[in-house]
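Listed after this line are the structures, all set down as structure tokens.
In the two assemblies presented below, chain A is common to both, partnered first by chain B and then by chain C.
Then we have the complex of A and B:
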């Protein structure tokens, strides 16, 4: 492993002195990987001044080894080969900080989840892999300069776009945490689509009461509510957004905000003409249309519609949701809605109960693919429906129900191949059909373009990660709450809004915001001003030209690296992840030694 | 599984947000695969120019799997750029006589355990096949 120090191409003001620390993780690593062999191989690298192995590097004594070496042996770069960086990268960065070394002069190599645990039967192979990966870490960190977190000023004010339940909840939570809030609502009133509902599952409260309470709280909290208003333009970046608001009467106003919460909600799926007879036969309605009919119906003994008495209704689930390519008609973008709209199963059953409460003699037929009454108390609606005589039929995409409109003296029918009775074809006479339509995102194309918001394959706004960062968008300082992110019910919208508000209030808790430094950086000495990188950047204002050199606005840069790949001189790189570092890692991984040459017998 | 693995070296380029945690999930489940696999993590593979891949092949990497986040990529336009670039890398591989099956762009999420293993096994087979074809044509 004899190697030359070939770091002359980077500007290192001091000698690079790497410390390598190989963890046994009890025996999790050392039972498979020969950690002594890794230490020995690492020691041969000209920049590695100290290499040690230890039983638990993350323990206090383990961290102390590193801290002491930094203080006493002038170690100025650290590599720890241990578990996954997702567990302990921050632990060790903090240890470096305690030793007064820049925390970004640290590289974490995973030799547990991605080595000892997955190559148990091959000690030599696993050890050779650990050596190569550790050497790659050494090469990378040897080329790392100290990095400083990006610090921007933070405006203690938030703009929330959309005043449905999610937006109202978020605004209220933010305001209660002492932040100023502007709530921008396109329509003339707050409440969003919850306003369309009568009672709501699972609490059976009146939707109007929920909205009235929320509206009062929002007003009492002195949230700056802008009804009949939309965002006309947005400039700036995390901590310092400038939003131009335009009202329906064309008046404009400006708001400054440290963060933005998107809460623009959902649209109902609208069936195409002829989908299960929709818009061709008057007896076919969507669930929201039927809900409205039921709510507006004057007290009466009979359910009548367009002058006719309704004695039987068939509900068809999953209309506009869980579609299959080749079977269902795609949306204008060529894609079908393959996702589950989640709330419609329970809301259909909830509506069925509301209907039966008023018209107990009605015959109700429920045609479903799956019943997904997933939330607390939701299954109860399903069980009670069976007990009340609702007849359930299960269909698949291979045998979608067929609607036949009424003929002279015959009522309309639904024909279904019922999976529950081994595909028996059943024809059900019905006076009315209710299509249980799903959710689609609202058309917010202008905001998506203006802010470069990420959308998923389902066209809803897409969080950074569904589990790790569920309410953040990749755009720094822009968060998401409620059904603009995907189908949710009111309870889930409220949780999401609370989470987004909590994230924002942590972000804006101080006058400044500190962010990871992993954004693009330009070496002005290498940049020749060709501007190729500018054309690659999707984030407005992140990359501009200044004095004929590319210039990054770190607060606007998402750190994706799109610009890096096209720079002919390698002048632009993502800090902490430069191409020179990757090349050096590849050299270490690709190095010619065989397993047996690397690992002593 | 032998440590030699026909000495193949497969580079797995993973994303910090999905396929890197995905590889951890495979480890947590103790599913076994060849140690001739080297995982590097990046914010997004779009960062790599065509020349990076070509250099990898020159420097001893036999096969590369780009495990992207696919259309779920949180960065605007990055996946489109990446797939276009990989298309150009294929052309350069063909020009240089490298079997195009030694590079694959795929999508792996945080829980794609089976897909992760399948990609590795397939790439290993591709690399071995490409080697033997190369030997045959050299002979």
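Then we have the complex of A and C:
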């Protein structure tokens, strides 16, 4: 057979003896897929020496089947067709290790999420698909070399960039876990954006008290705090970063770190001139500006601003958030902010209550797109606002509020096509307008370029997966905490910082870090030094040239395969996912119908 | 047409009830569950919104306030406990106040003390007037020895004229309000259809029954729609009996037996009314009628008056029939007559005014639908 010839290319001193195990998943799979037919089809492959099915492969007796076959029947490659690899790939790798077989000589085929669960009504088709997927697994593992995990040294020190609430919380948690921490802060003091606030929802604590407590804890924990400092350069890789810190007086210092936590925070959206009258009429402020005004106002019975008494205020939500292309003015990068800034709804309502606490007779109007008071206790701010007489209006992109500045004897007005008034136009006389502005990431372009950090369409740093790896970046050893990742409130920043610190603690819990070996590998005999791969590589330092041949730094390579795609000589491959393996898998999946598939299930 | 917000109106409508309406966040559950609301007459949410914005003219210029019978489903369903049903009642009170020019109705609705003061004062003036004037005090019967039949007769006619004027005033006011928001041109056949449907509705009370919650306990004679019918037909019957009495005994020189026909109609109608009024009062006192929990004195006014008038009426009928001559009965006659006249005189200033507004609103509603 042609495929057999391909096998000769790999250094294999021993005969390839594959064991195939088809899991019933207690009926989850076997109710739809004819597992016996899969076993029968697999056992016809010349390299498959044993094929079995079992009710729960992941159970102890299921794993024992594999271990016994390795020990007693000299099986040296294993394919398990079962659930998603996310669930049990590691389980079976460990079983191989217990049987003293290289754990990477294992292939996990998903015939549950990708087969039985999605083809419930088509037993025959599902069985045929399971056979093809399993055969592809057999072909792939037959071409697999034993691999060893990549091991690097782990520095027991962490650099946290940004000393806002997220950065301080992360630094504190790491320090309590016994790791050394350097906390780098650009400004002259810790606290970040929280410093701008008076009280905070939902606890109504004083923001200054929260910062003071955190600051004291951070100092007590002997965190190396570098105020007035910026990151000048970052070299190295997971476990072994080297950070050059430059202080305001141009002094530089170096820090070594096993991991880096990004906690660089956010900027307030700044309305353009004329956006709802901003910077054209003095009575139009942003929420942060209004908060500042309220905090700095001396005690008085009346709210006065620039010598005029304010009797009514209109708040406009979603300024700089949830924008629509073609309706809103884009940012310099040509994109509008189409995301929700999440915290502003509750934040605006919180400010409204603060205002009413001091000036109960004020008329307050709240113009929203949707009220998103999503967190615990947030809805209460909304409900109480109604009960205190705040009048709500709902607008859409078709009828954005229009601000008309005051005329001679008339106050300013907001005119809105109000959804709550069956889309009729409503005119609201107001003495002041507060624009509830959203969040945008801080300008950290230098760090993003320097480290090739992944950013989302919203310009915030983007995690690997929002659920499975929510605080890790694709760059190994670099994590995110707080609003540099996306809009969140102080509560959420604290959770995110805790999660990032916990991840780092696990990563740096030993002197070394083990990583999966699925990284690029160069066949120096085939490489002709054309350097096409270097231009394609997204990860700084992962590919270099040595003796006119491409060279991989396994600690920096993410195994993305971009280099593989451009190599004209097939000299570069991702270990465990070689081009030969892919070819063989595709051939197996696209093979002509086998006899077993024609047998009704 | 742009609405300009007037934030102070909510304070005003709260003086008529509707204390919790601020809590409304315009979800529309109330309108969704309402058994009577439809696109032609959409409430309560629309009226609540108009109240929040302070567009008071538009709020009372549609038929909607009068299409609601306050079954209370909306208040039960409201996720914010804003009591939309109570708000509808407040809007009706406000509409009654706005539809009469003197301001007396508003005064009585906003203040319980004022309501009692006005009622007692008017009663005393009427009673005193009839007691002290000496016109034709030539008792044809012992019962008329303190208050003469002639006196009752003339005052009654005067009051009737005033009541008719007030009635016409109310009709004019609400018609001109409603016509602003009704189609300007409608062909006569549509008007006939609307009129027929309105009369059918008044006779059958089908909308009132439709809005009776399924949870309403007890047999028909304890349900609000039937009770209302008892009061309404009782009242109309008594009105008819009085008119007949006037026609037969005064205009025509016929001296018919006391049993025919006014007395019989009057007795049956009086019984129906007494049952209706008593049942309604019992329901309210037992809190079966949830909607009465926030009701104002002028809302109770008609029930109390009808109850006392009915009771004294039967007492007097018994007294006259069995010749129970006594001072007490003369006083009862005075009370009976004074209250009956006050009821007619003040009907445009109390909940009784719905007698005018509801049928006209229904007519407009049906006209829009036709």
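Keep in mind that, in the parts below, the second predicted complex is superposed on the first by the 587 of 601 C-alpha atoms of A that agree within 3 Å, B and C clash if a C-alpha of one lies under 4 Å from a C-alpha of the other, contacts with A are read in each partner's own complex, and residues count from 1 in each chain.
To be clear about the criterion, a residue touches a chain if its C-beta (ideal position, glycine included) is under 8 Å from a C-beta of that chain, and two chains touch if they have at least 3 such contacts.
Keep in mind that what you see is a predicted model, and the values were worked out from it rather than measured.
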{"item": "Chain C versus chain B on the shared chain A, clash or fit after superposition", "value": "fit"}
{"item": "First, second, both or neither for A:122, with chain B first and chain C second", "value": "first"}
{"item": "Touched partner set for A:363, first chain B, second chain C, both or neither", "value": "second"}
{"item": "Partner chain in contact with A:425 - chain B first, chain C second, else both or neither", "value": "second"}
{"item": "Which of chain B and chain C A:230 touches, first, second, both or neither", "value": "neither"}
{"item": "First, second, both or neither for A:566, with chain B first and chain C second", "value": "first"}
{"item": "Which superposed partner A:392 touches (first chain B, second chain C, both, neither)", "value": "second"}
{"item": "Touched partner set for A:580, first chain B, second chain C, both or neither", "value": "neither"}
{"item": "Partner touching more residues of chain A, whether chain B or chain C", "value": "B"}
{"item": "Minimum Cα separation, chain C to chain B, after superposition on A (Å)", "value": "30"}
{"item": "Where chain A meets both chain C and chain B, residue numbers", "value": "none"}
{"item": "Chain C contact footprint on chain A (complex, rising order)", "value": "312, 363, 365, 382-383, 386-389, 391-392, 394, 415, 420-422, 424-429"}
{"item": "Contact set on chain C toward chain A in their complex", "value": "1-5, 7, 10, 22-26, 46, 49, 52-53, 80"}
{"item": "Touching residues on chain B, where the partner in the complex is chain A", "value": "1-5, 7, 9, 11, 17-18, 20-21, 23-24, 26-28, 30-44, 46-50, 52, 55-56, 59-61, 71-78, 81, 85, 110"}
{"item": "Of all residues in chain A, those that touch chain B in their complex", "value": "84-86, 110, 112-115, 117-126, 128-129, 132-133, 136, 452, 454, 456-457, 462-465, 467-468, 473-474, 518, 536, 538-539, 558-562, 564-566, 574, 577, 579, 582-583, 585-587, 589-592, 594-595"}
